[in-house]
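Structures follow.
After this come two complexes, each holding subunit A, first together with subunit B and then together with subunit C.
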Partner chain A sequence: MPFTRYAEVGRIVLVNYGPESGKIATIVDIVDQNKCLIDGPESGVARQVIPFSRIALTDLTVKIQRNARAKTLKAAWAEAETATKWEATSWAKKLSMKKKRAALSDFDRFKVMVAKKQKSAIIAKKMEELSA
Partner chain B sequence: MVAASGTSGKSPRYYPAEDVKAPKPSYKVKQNAAKVRKSITPGTVLILLAGRFRGSRVVCLKPLESGLLLVSGPYKINGVPIRRVSQAYVIATSTKVDVKGVDVSKFNDDYFSRANDPVKAEGEDEFFTGDAPKAAIVSDERKADQKAVDASLLKAVAAVPMMEGYLAAKFSLSENDRPHKMLF
Partner chain C sequence: MTVAGVMRQYQVVGRKAATDDHPNPEAYRMIIFAPNAVIAKSKFWYYLHQFRKMKKTTGEILDCVELTEKNSRTVKNYGIWLRYSSRSGTHNMYREFRDVKLTGAVSQLYDEMAGRHRCRPRSIQIIRTATVGAKDLKRNNGMQFAKAGVKFPLPHRVSSAKRGQRALSDSTYSTVRPTTFFG
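On to the complex of A and B.
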């Protein structure tokens, strides 16, 4: 299988480290082997030079030219429906689930425990029916 | 009266007829009002960390003047009576129960003072042989007060779905829990 997730102009990336971590942005220009210029007007990421070690490439791209303005980027994102496509990926879903779990209060954790017990009780009952 | 001469330093022009000692400044330590953590308000669910009821989740009723917190299980749900508890041995959760309808005005630190307890007369023989734990003597006044407070408290607890089960359950840490990362 050939390699397809290139670090190219228009590639959507997830920022992993720094004040903007957790947000997605687009590669707008490549500076050199280690750094690129990213911008994310829709997601709140300032236009900045960032090393590749701080970002993770995703499978999504948008059609823009090198050094596109924020206005063009916004239009390209809207056309490609990037935000909804990103939220639909299992990657984004896992990230949001982790966030939700970390923000649970003690009462929420109790409710989760009860729900898990109910679910496994339903499954156990069904298994009994099937194995009988 | 002739003013004293200024030869021997300063002599005051006026002095009282009798020697009256001025009162010394009091060195009594002034106690400030007890500080209660911002996260603890009437109705907060607390997790007790130490003492007989460690691990129990309990409803905070009000802070007392001594800085201790007045707390009740409710007794029917988890066996914790109306009791005083120290803030230092408690985790305040973000869960709250509406306790506006619960009347706790009669409870203060004097209510819980040991001097009010019935004196248990213990003879010499009993002192040496009596090691089995005796059932605590709970006064009728306490039982009546518990019933009165819990009547309205249970209604407030029943208003929140799953709260009864939550208060009945005990808190504990299991293998993958990281308490410094958990939000309460």
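On to the complex of A and C.
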């Protein structure tokens, strides 16, 4: 399978580790084989050098020049509608679902259990109908 | 003896102590890379007594200020000229590094000299540093990243298990091998 996600200026990345983990940012410049300079003014990621081992490349890119200023970055993000596009990806949805599940209270988990039971009751009844 | 680590840049100014016949001796200024101000001042005397007839006991340090990077938001190419002693002799060298700060490049230099040449920080003397434009780079490694439109995939991504994160999968045992291809 060929590579489609490249580490390049303008690539949107998801920070995997560290204080900014879970946020997306853009690669603004590449330092060398192992590090790049990222910036995410819209998502609250400070401009910093980060190693590739701490980030994951996404499919999204924005059109910016190397070393773009925060203002230019913000405009490029708005033009490409990066935030909405990211939220629409199944990757982002899965991440937010994980977060939601981790934040459930005991009552919420009870509600989930009840809902699951109701769902499986409906399915079982339908299966009985179909097999009969 | 300079120890390696995160380097800082200091401007150290010193002169021979004032005497009655020479009430205003010439002051000398040096830019020193050191982990802290104490070592910076010590290095100042180390160099200065090689250049001029003065030493710590006969001189005084007038000023020792840390210099901070003016712009640490862009990646720059740094060329560093150094002199180092190996096991067989002392040599001059020119190395290039890409970094956001000059002190970052100097820290990289010390680490790389230790790795590639087994050279301890005490054997390294930095002669000169300069910011180099992308087209004046001489070494291939920096040149390929300074080029416009540089892009490369991240092949064979191994998730590091060294940080107390769970290793490549959520459970200790797995029936499938982990995936290292992430596009």
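Keep in mind that, in the parts below, the second predicted complex is superposed on the first by the 131 of 132 C-alpha atoms of A that agree within 3 Å, B and C clash if a C-alpha of one lies under 4 Å from a C-alpha of the other, contacts with A are read in each partner's own complex, and residues count from 1 in each chain.
Quick note on the criterion: contacts are C-beta pairs under 8 Å (C-beta built on N, C-alpha and C of every residue); 3 or more make two chains touch, one makes a residue touch a chain.
What you are looking at is a predicted structure, and each value in this text was computed from that prediction instead of being measured.
Chemist: Is A:17 touching anything from subunit B or subunit C once the two structures are fitted on A? First, second, both or neither.
Modeler: Only subunit C; A:17 stays clear of subunit B.
Chemist: A:107 in the overlay: touching subunit B, subunit C, both, or neither? Say first, second, both or neither.
Modeler: first
Chemist: If you count the residues of subunit A that each partner touches, which comes out higher, subunit B or subunit C?
Modeler: So, of the two partners, C touches more residues of subunit A.
Chemist: Answer with first, second, both or neither: which of subunit B and subunit C does A:5 touch in the superposed model?
Modeler: second
Chemist: Quick check: in the complex, which residue numbers of subunit A touch subunit B?
Modeler: Contact set of subunit A toward subunit B: 102-107, 110-111, 114.
Chemist: Which positions of subunit B touch subunit A when the two form their complex?
Modeler: My answer: residues 45, 47, 57, 91, 93-95, 162-163, 165-166, 169, 171, 181-184.
Chemist: Under the definition above, what is the set of subunit A residues touching subunit C in their complex?
Modeler: 1, 3-9, 17, 29-33, 37, 47, 49, 52-53, 56-57, 59, 66-67
Chemist: Report the residues of subunit C in contact with subunit A in the complex, numbered from low to high.
Modeler: These residues of subunit C touch subunit A: 73-75, 98-100, 141-142, 145, 148-155, 160, 163, 165, 181-183.
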